[in-house]
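In what comes next, subunit A is part of two complexes: it sits with subunit B in the first one and with subunit C in the second one.
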Partner chain A sequence: MAKDIKDLGWNELIPGAALFSFSEPVEDVTEVAIDERPYSPTNSHEYSVGDWRVEKPVFNRDYCIDCQFCWVFCPDISIISRDKKMIGVDYEHCKGCGICVEVCPTNPKSLLMFPEHLENEEALAKWPAKEAKK
Partner chain B sequence: MAKKYELNEIEVWDGNTAVSHALRQARIDVVAAYPITPSTPIVQNYSKFLADGYIDGEFIMVESEHSAMSGCVAAGAAGARTATATSSQGFALMVEVLYQASGMRIPVVLTVADRALAAPLNVNGDHSDMYLGRDAGWINLCAYNPQEAYDLTLMAFKIAEDLDVRLPAMVHQDGFICSHTAQNVRPLSDAEAAKFVGEYKPVNSMLDISNPVTHGVQTEEDWHFEHKARQHNDLMNSKNVIKRVFDEFKTLTNREYNLVDNYKLEDADIAIVAIGTTVESARIAADKLRDEGIKAGVLGIRVLRPFPFEEIVNALSNVKAIATMDRSAPGGTFGMLFNEISGAMIGSGKSPIILNYIYGLGGRDTTIEQLIEIYRQLDDCARSNQRKYPLQQFIGLRGPKLSFF
Partner chain C sequence: MTKKIRNLKELSLSNDRYEGANLMCPGCAHNIIVREVLNATDDPVVVANATGCLEVCTAVYPKTSWDTSWIHIGFENAAVAIAAVQTTYETLKKQGRLPKAAQKLADEGRDIKFVAFGGDGGTYDIGFQSLSGAFERGHNFMYVCLDNEVYANTGGQRSSSTPIGASTTTSPAGAVSYGEKMMKKSIVEIMADHGAPYVAQVSPSKWKDMIKKVQKGYEAKGPVFINAMSACTTEWRFASEDTIAVSDLGVDSCMWPLYEIINERDEHGIIYRTKLNITYRPKNKIPVEEYLAAQPRFKHLFKPENRHIIDLLQKAVDIRWENLQRREEAGV
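Coming up: the complex of A and B.
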């Protein structure tokens, strides 16, 4: 789109406020990585929509087995994973629902919820030990 | 492939049967419907046509009218031609979704057999449901008899789906008085009708997976106003497409439609403005007055939305006294037609005497004698150039005379 979306007049909008995900069609979208897709300026991918989060999931590489459960279950595609290797959490889009933590099968968990204001390094320093078998 | 339905040159159809055949011939992809009196036979006939092999599309039986219109909107967003039918309480339940259809620019066709709104519960014809939906951003076409209900339903698809319009359209007919009155109807053949309506042209279809699209988005103070302005602009400008489709239909059938239906208005001193079957009754009353040398005419509203401002002003510019007839309880003000006709005339620098008559609620019969009496009041005003009667009167009402202002 040549013009910035903020400069559009009423007569330049798509009737019905139909919003396209991409600025051009993408064939076989599942083969195109997220950061290579031509997201349109109105796609929520282009906006920071994680700001109502109160608690955030923190990822701990040390315990992760790359099972992809968190990636599968995240309702907002906010788990970043490449080639089935877990990388981290997209904090621009994560709403802090905690489902990724709930489904994480490791002991201790590789994802845990911490207060939003806590630095991730501090969170990792506080990581709990493996729970004893009962 | 749907079977061809053999039709006679002249069929004896009531309004509902006529509309159900128009829907069948329009080759609709998805009808989602919930039956309600008096529009029930429209979707009942339609589902029978489908069961008997005369229709290729889908018919979705839903649990309410809210779901019926939602099904149409969703199928429309997916890229399908859609239509349904309703009346009264069902229409009221659809209202939320009517605004979704127009705002999302989904060209659903809704055929309405107009009926009173409860309470008290009433199954008969008046325009309460039509008036309830008039601000919903739909094109509103008004039929006065079964032939017109058939014709306008076919035309509604072509108008609504035009790429310059892309707005939903309603086709109104009076519940029972039109919907259940059998008259001669001259249908098109299935092939002619399909050719006239044309192939559906999907726009921003959800089922194009290489180009995903979100319909029904949220816009707040940043963009809502611009989208509603665009919608209103396109509805106002749809007049041109409506006129073009009316012309094409006339070329095909020799049946003429206009934004307003003028009857003997060229030299009229007095005029009744109405919608629906009462327009035809008023023509008979006007002729009786003309037998006495009184120049009476009738203006029928054919297209209620977009409002035919110029056409109304032109037709009524030399009329001295006008009766605006509203078949809907005005709810604490004047009837809609009084307000809109008055606004149109004053806005054009005309100041005829304009009276408002509330009539026919809940299917109350409106007689030729009552319409003649209205003309006599208008004639009295026109001759003396004085408003001699209250601005708003209820007619055909038991008990003491009810009037306001």
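Coming up: the complex of A and C.
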């Protein structure tokens, strides 16, 4: 019986094997949003690197101005943005680097790093007030 | 077809063709560069990858992080691999033997774009002969060098891109040495002298400048070289959240000037006009010291016995910046 692809070791790789990104043909990837794609089990999107994090970014809608700086500078495609609006953070793929928090221009920031074990609601309750201009 | 991108909100409508849960370090600038390059166009893209961090971490068996066609052969031949793919495409197109889907896209004016990614090791050192050959033959592709100034994937050995004074595992700083002894190779000018129609230097932190240059690269007919600064949190040893800040310091200190070189050639291949444009001028040119201070790989330079290396770097940067401005003014 054929083994599941996830159980295969690297030395069982068939020479010339091809890994497909999608389980069915996609005509134009640029027109299909990430959450609508038919990912195949060999696409890294199906895996999680969430456990790499020590701290997680928490998003606060109240202060966000949808500038999309976090979206363009996110190395891990973990900022979910639809129709020019910032929606939230993809915790399956976020590695917790903190770039989104650094580039956020609002005052107070609309993304902040909190310890991984803290619930998002608790984090939002602890949000700092607006900082006075120096 | 050039994608219309007037502002960041329009760019954010792009659907990424590069997937998360790859194994790149948190805060890696490689990913930011790859995303910006792929999102700059809606046309199909074929990617060739030289061995390096990007290749190793995005294709760990049995996973792939690429939603476009992707090929890896070796450390030294990314340029030649993509040139071969491009030539095959052109030939099949001429003979009318393209697969249906590709033919349909070609009819709509959305020809496949050919991109090669290589690190500075695979570009400045190991892949240079095949890169030079592909540029000399004039294939129609874009080569993006992800320049993190060190062999980061194999443990941080110096490359010919490492700037003077940097501490790496093969040029360690200590009691007898201030680190790397050689000046950085000026790859942008070397590639421009091949007669390439478009050569540019970019930084991912200046996304608009970068997107514009990449789009010009996609449009150009012939080999295009893009040298992208890729701040490396692991080997430059700064905190992962500072990637963009460090890149900005590099640009603002003119350590990493943003400019482009355009060559115009006649039908015999003679370059009759060369134009250099500086695309970003820092409002306040900050001292190189600030850029160096942000990266612990240079921290030994701040000892009194090594201060002369900082002065040397500052002098080198000033002379280069002056030269670039003169070349821009003279239009050569």
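Everything below uses one rule, namely that the second predicted complex is superposed on the first by the 115 of 134 C-alpha atoms of A that agree within 3 Å, B and C clash if a C-alpha of one lies under 4 Å from a C-alpha of the other, contacts with A are read in each partner's own complex, and residues count from 1 in each chain.
By definition in this document, a residue touches a chain if its C-beta (ideal position, glycine included) is under 8 Å from a C-beta of that chain, and two chains touch if they have at least 3 such contacts.
All values derive from a computational prediction rather than experimental measurement.
Student: Going by the contact rule stated at the top, is it subunit B or subunit C that touches a larger number of residues on subunit A?
Tutor: After superposition, C is the partner touching more of subunit A.
Student: Of the two partner chains, subunit B (first) and subunit C (second), which one does A:10 touch, if any: first, second, both, or neither?
Tutor: Both partners, subunit B and subunit C.
Student: With the two complexes superposed on chain A, say which partner A:32 touches: subunit B (first), subunit C (second), both, or neither.
Tutor: In the superposition, A:32 contacts subunit C only.
Student: According to the stated criteria, A:19 is in contact with first (subunit B), second (subunit C), both, or neither; which is it?
Tutor: After superposing on A, A:19 lies in contact with both subunit B and subunit C.
Student: Need the overlap of the two footprints on subunit A, from subunit B and from subunit C, as residue ranges.
Tutor: Residues common to the subunit A contacts of subunit C and of subunit B are 8, 10, 13, 19, 21-22, 26-29, listed in rising order.
Student: Mind listing the subunit B positions that touch subunit A in their complex?
Tutor: 103-106, 166, 204, 208-215, 217, 219, 223, 225-227, 229-231, 233-234
Student: Show which residues of subunit C lie in contact with subunit A when the two form their complex.
Tutor: 8-32, 35-36, 42, 44, 58-68, 101, 204-205, 207, 233, 239-245
Student: Along subunit A, where are the residues that touch subunit C in the complex?
Tutor: Those residues of subunit A that touch subunit C are 5-6, 8, 10, 13, 19, 21-22, 26-34, 37, 42-49, 52, 66-69, 71-78, 81, 83-84, 90, 92-93, 95-99, 101-103.
Student: Show which residues of subunit A lie in contact with subunit B when the two form their complex.
Tutor: The touching residues are 8-11, 13-22, 24-29.
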